[in-house]
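Residue numbering begins at 1 within each chain, and the chains themselves are lettered A, B and C in the order written.
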């Protein structure tokens, strides 16, 4: 079971202002949830806080009832949380194979690591072909694939994906989302943040709408965009204050 | 003709030793962004240690490495945990490491001066003054042995970095610290180990220095200046760069010395530094943008 | 007379005509970084005396357009005309002297100056040089104090800028840009990271200044704020302009909503 719960989380960067303003949300085990919302809503920050890269100033984060907030990022793997950051975050000078092996840094059982590596190469023959190519020479889509494959090797309980389609051509992005669907079918709970709301929701079961660091509402992914508040959320309140301007 | 070969050999031999000194410095920068101005004074401290082992117990400088390497590895990790870890998250980390290490260098130099006075020392094992004569080329024995030792040390460093788990973790942290954390690397502990390895190399270099150079507490200043020039030219954070910089500039300096006299040899390093900073500030192999 | 009254004076002739010439006209503006077109064939205008907002999802190119107009970037092609004169490609300080000001974050260095000094530094008659010489002119100092009074920072005029809260800094940035007496003020995300009450204060301030004749071009993400204060909104996506229109037009336009929700 891997139900993730955020409760009243307040967080910001360094000594800057709060980006998350007491957000609460629950990601049910086995589902794919897509977080959408206007710019500056704090979507990426949610993932960073869960992954331990940003410390919450208030509130708790629990995975199946166990507190996971306040830990170092490298301790998060032990709790079963794996992040795929916006910039893929690969090791540029290492080859594809080395990048994947690094994902298995904490796996002490060599046999288990080899089995998982084989599974990755079976699923993505493209990676086997480019196993000895340096990561920085890969295309955006290929890098994203390597970043996602790291997840396969770690077999996390919950996968956090930050803007998977960023910088990718639409067709390539489709392949990435397809991959996420496959991961979900394997039993991984997925929490993703996507600027392109429509695309992100296509892959999800549930949509979470976030604005100004708080949850607004949630609903089934296929119908949430029809929610009457969506237009106001993205395009502002109706009924402006009358403004006395200079007559044109 | 012979002259050129002679100069080349002298440059390369010395360059190898500088290479060992420089890789330690650049490794520490690459892993955690620390500019360690105390690197050279650690070398001098190790030279003192090797010297007294030779003078009092008759231990050959090369054999002394068995002591200097582990001792200074421990010293390095200690320095990291006590001093550098404290400022790890701060906004002006880069500048602070410069000031911190500068202060450390002064303190260590002071302690050395207090303990051993300012008398010049140099170890004098037999080979320090002998040479191999190959045709018309003179190859100083001491420097040749030092070069061989340097090659072995650098190979060992390479082996650690490329064939051990810790080495992978260090390289991963150098390339992308955030990604390293995501895959479970304890970046803090890895930084401490990397710092330790850096000072261990300084320790090894110190053993070599004990007979190659005449040293005294304040000798580290000319070395740190040289090493900074080398590493910047090669590219701060690039191990390959440190080696290329060390050997390339040493050879160049050898030629300059031959043409214009020993006073000008240092000029070569600083001139190269100047040019690199103007033309290509990230150095020969420095990184610009990562994946 | 005060600077703002002088500005109103200048505005008078335009009011008579049926449709005044745009204060700022951007046409076919394109900026390419290598093969990437950050801004492509961008065309819009800012009417004198209006508050025009530039909006769009992340990566739409708004900040690039902003930087192109204020001179921090030179365009690959296209034109930017201010009061009829071509200003594209000019150095930033020349653009400021032409009458276009933009807000800038208080940097670490500026934080070491007092609040008052931060405003004086922007005086059109080489405020910085005068300050360093120690011979700030009386009327410049008076003007600076007047502006601080306008934004409500008189109390902290002699405090170091770095001691200000985030919201106070935004007010200071506004006062600073007004010091150069611009006819067009460009605001870079004025409501970003600021608490709701201060947003109200900031918007009231902008409204007041606008009523006195200052034209604004604003990049902003907070759509409630944008809809409340704008006369005209330019929506951008993927480096191109989707539409320029009134708030009502933009809010009811499906293409605009699509731009924000993404293509499936």
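Rule of thumb we're sticking to: a residue touches a chain if its C-beta (ideal position, glycine included) is under 8 Å from a C-beta of that chain, and two chains touch if they have at least 3 such contacts.
Quick caveat, the model's predicted, so the values are computed rather than measured.
The chain closest to the protein's centre is A, with centres computed as averages of CA atoms. Greatest Cα centroid separation from chain A: this falls to B. With centres defined as mean CA coordinates, chain C is found 52 Å away from chain B. Our note on geometry: chain A versus chain B, Cα centroid distance of 43 Å, whole angstroms.
Distance from the chain A centre to the chain C centre is 35 Å, each centre being the mean of its Cα atoms. Taken residue by residue, chain A touches two or more other chains at no position, since every residue touches fewer.
By the touch rule above, chain A contacts chain B in their complex via residues 14, 51, 53, 72-74, 77-78, 82-83, 85, 87-94, 98, 101-103, 105-106, 135-136, 138, 143, 150, 154. Against chain A, the residues of chain C that register as touching in their complex are 11, 15, 19-20, 47, 49-51, 57-59, 166, 192-194, 207, 210-211, 213, 221-229, 231, 247, 250-251, 256-257, 260-264.
For chain B in complex with chain A, the touching residues are 91, 165, 168-169, 171-172, 175-176, 178-187, 290-291.
Chain A meets chain C in the complex at residues 16-17, 38-40, 170, 194-200, 202, 225, 230-231, 234-238, 240-241, 243-248.
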